[in-house]
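The two complexes that follow have chain A in common; it is paired with chain B in the first and with chain C in the second.
Entry: the complex of A and B
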């Protein structure tokens, strides 16, 4: 996992002029189904924002609304201060990299890239130069005269990116561009694409259902759930300080233990759980049903000082070895609960059935209202 | 046994080919006949029936009319049929499946019924012009051939390409023209060819719609055979065969017969 590597220096965040893309209260229905529900999103200039969510949550729909390929039922979309809500797709100057690339099979690689330049009436000589530059950008110079059908998936992907950016769009939208690539290639392309787009300084909205991809590539991530944005934040915020149980569970691994609030003070609540008393920062009324969430790597073996740590004891159910780390699944008494512990080094004695004490910092715990629990 | 089987197959194949091609051969031979009657084998050879074509005004008019009607109705069907096929494929209209089945089936009504219906409808709408009536009827005749091939081509076409073209600055119609049209060209050519032929040799519908001065070729040919059965008809037929071969060669050059046949 590469979460640590993705945390951006604060300076990089500050330089994005905010509100370059402004999606305001956009609602989209298909028949009776409301796919996007009064959704708002603000993206800074040159920022790279991922829309992350499970299949069917409305990511593509949002992208198509921004592109102008769909019209919203309500709400407005602005880019660079210009209201685009009623502007036709072909006049928006927004680039799109489609899921299956949508290259034109009747044209060569160079002709594909030149397509947008021709449409915009760029003079022939200038076209050739721009096409050559774009091919250089994606390191595909040698393929200019090939048929696009003769290219591999990764190569097609590069051409799709070159074709979209060569016209210097004001915004680039990418819809799961890596979903057709195998894992290894995907990882190289992620790094390379991020590098290219950062260098171009192009504002990008990137759709993915792959949390690792979102964490690796993004300046900020918008975690989506059923047509709403659950959490918009930097990768480290979304990962380490998720605003909702949904975000916590969707992004990365997590342990979750349900319980009832029995009291608390000074911003720390005490929760009665099947693992005993657990304390965590938060404000909940006594008697509320809550869920405590912790990242598995924030949990360590052994006891900790009572003031700063929660310490619980449990029985190991499964040991999953990953090489550089080991994941322990503990037995849980209640449906839906999960105690997963990630250890870098495994004590020799640990095996399924063994009892073990683990600890985590109060600061590393998050408390959320239990899903479906009206008695908050 | 296997040898016998293979011989038998070859024999059947030979017979089928002969069955298909002998009439054409006979027509070609007779067109060069020196005799004034439609006799086979001809007593001698000449080009007199080709020469007589130059004077056969009503025949040439019929060729010209049929060519126009076939070309225009095919062109109209190509445009309307393609737009309709797009709407069906993209689910823009309710009951798209039913509409597709209806539009792509070869006409389920006998041509005669359709002809009478057109005649009646033209009268009711006060449409007096034979040419327009013929054209409208032939659009209906050609449409299924276009719909069939275009729907088949569109089912393999990725419409994200049209979206891509739009995002690169082309309006929707321009995107269709520059991306969709070149990619389904084989479907257009093969559908267009069948449609053209269907219109060109239609008899049962047209017979109700023609008048004394406006006759399509099949009708004029039959008249001619009834009135003066000389080999002029054979000469015309020979030229039509030549025209068809030329059309096939052009289509092959344009998109390749293999690609066309696979649609």
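Entry: the complex of A and C
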């Protein structure tokens, strides 16, 4: 599913009429704490955008602001050209799937799904047809008359989705909808939900702290940190070309080695690190403290040609076996540094304590200003 | 995890009844013995008294109570008193309980204190306090006259108004507590979900809040009704003989005219009313959740 999604971007991108959801300079404070700091976000029609970040980064607050369950202190929220900033939640036509599903415990499955239709005054006969269609969409036809309290987590999840989409919302918000499911079920539901929403063409904002989930499901990911968007881009942009050290570390595994820039030319800087001289693309003044980031899977065993590769030598500290791949942690001299190497095939000789040479392409490394430096 | 908690909140868990011996039940024995001696035996004796006069078995007591318009009127008075008290307590207590369940921090402590501290004051003290306030030279008349609403002080004490005022004053906490305990467990996201589905505040209240807080309404209503139908002190002090209630008839029968059968018959009728109400309410609470489980 995700492969398909990434294989299709031109077509998918074309139908995403930009600026369908426009969040402009939204600020939200709770007491003295600024939860969202002049945040802007633009989402195209039928696009699926994830808000990815750790708890407390403001992603759920942003979701609640869009839904109208909270009011911003500053800024505006528009959907389809209509300013919704001061519109009550029940007049926005924005669907929400909640973390705990928030199904009405006193209503049956069918009554839960019909709830929004009834509130909007849809005629009875039409209600029944739409409820049946929605149940079919999530493959829960047999459960129409069950009590929602008698359903499993995955089933409740499906009903919550059916209940939200049956009213044909102009925007669907999903607040960590999979967090209560076990891993196997979660992976199935991710793909299924993505499929359903794509077919319906519903613009969706998906809140998650799970980077894998965001990578699998999203057209674009907004990596959030402390009330701001650190990086907004496609999953492959965010993963392969992170704009900040924070994004690199939050999304996926990473190696990071700190050092000081000793020189550079032609867009390549030379950095003095505990592992020796490392080169990477970037523009930094000589003497700047920087961090070099590399994905573990971009690092291979053995030496490489000097012009294209960095080659370093280190001591293996730990060998972590995952079946299809093995992760090596190297010893590092400096606190905060991390050299993790992911190998598909493990040389027989590798064990903790063994010295080993590894290499990676200059193009695979990213350089960021060291945290706590002048820019912070 | 949250879901399990919500379930408990809304529907009392219906554990399958199994009649096997459980040693934990033995812990209740002292309490049971006390209740048998202090409650069950006297009540049974009372029931026995209602069927007996000086010559043996007799239904004269019931014939008197149920056949005489005077006594029927008094039963009506008690039912009216209980109904109005319950209704006013519900109307006033529901929003208060909601606030109590939703507010956090220092305000919650303050609200709690305001609502439950009065419970520590004796009913007699509270009721006498009210009569002082409602006297012709009391603060209410003083204010009404000086603000120009009325020309001369009006009678407040010994009116039905003062009675209902006093009853609500005494019994309001008994309505708020059960409502609060149900509302506290109501997941606020259900209200968010309702709004996100296009339901306005009124629709949300009628279709979500009201049905889910119904167990609290029934519990609070039953509690307030069954204690206010039996109220003795408050009606006695605030209205006296102008508004006779079942409890006052019982007291008079035992203490003044010494017609034990009359008093016992009235007591049994009151017992039947309360028991019927409690049975009905436990049936009402069980049905909606019970069927859907």
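Here, the second predicted complex is superposed on the first by the 364 of 376 C-alpha atoms of A that agree within 3 Å, B and C clash if a C-alpha of one lies under 4 Å from a C-alpha of the other, contacts with A are read in each partner's own complex, and residues count from 1 in each chain.
The definition used in the following text is that contacts are C-beta pairs under 8 Å (C-beta built on N, C-alpha and C of every residue); 3 or more make two chains touch, one makes a residue touch a chain.
Just so it is clear, the model here is predicted, and its values are computed rather than measured.
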Chain A as common anchor, with chain B and chain C clashing or fitting: clash
Which superposed partner A:156 touches (first chain B, second chain C, both, neither): second
Chain B versus chain C as contact partner of A:90, first or second or both or neither: both
Touching partner for A:81 - first (chain B), second (chain C), both, neither: neither
First, second, both or neither for A:167, with chain B first and chain C second: both
Which of chain B and chain C A:120 touches, first, second, both or neither: both
Which superposed partner A:98 touches (first chain B, second chain C, both, neither): both
Chain A residues contacted in one complex by chain B, in the other by chain C: 67, 69, 88-91, 93-96, 98, 100, 102-106, 115-116, 119-120, 163-164, 167
Parts of chain C lying in touch with chain A, wherever the complex brings them together: 1-3, 6-7, 10-11, 187, 189-190, 192-201, 203-204, 207-208, 211-212, 288-289, 292-293
Residues of chain A that touch chain C when the two form their complex: 67-69, 88-91, 93-96, 98, 100-106, 108, 115-116, 118-120, 147, 149-150, 153, 156, 163-164, 167, 173, 180
Of all residues in chain B, those that touch chain A in their complex: 158, 160-161, 163-172, 174-175, 178-179, 182-183
Chain A residues within the chain B interface of the complex: 67, 69, 88-96, 98-100, 102-106, 115-116, 119-120, 163-164, 167
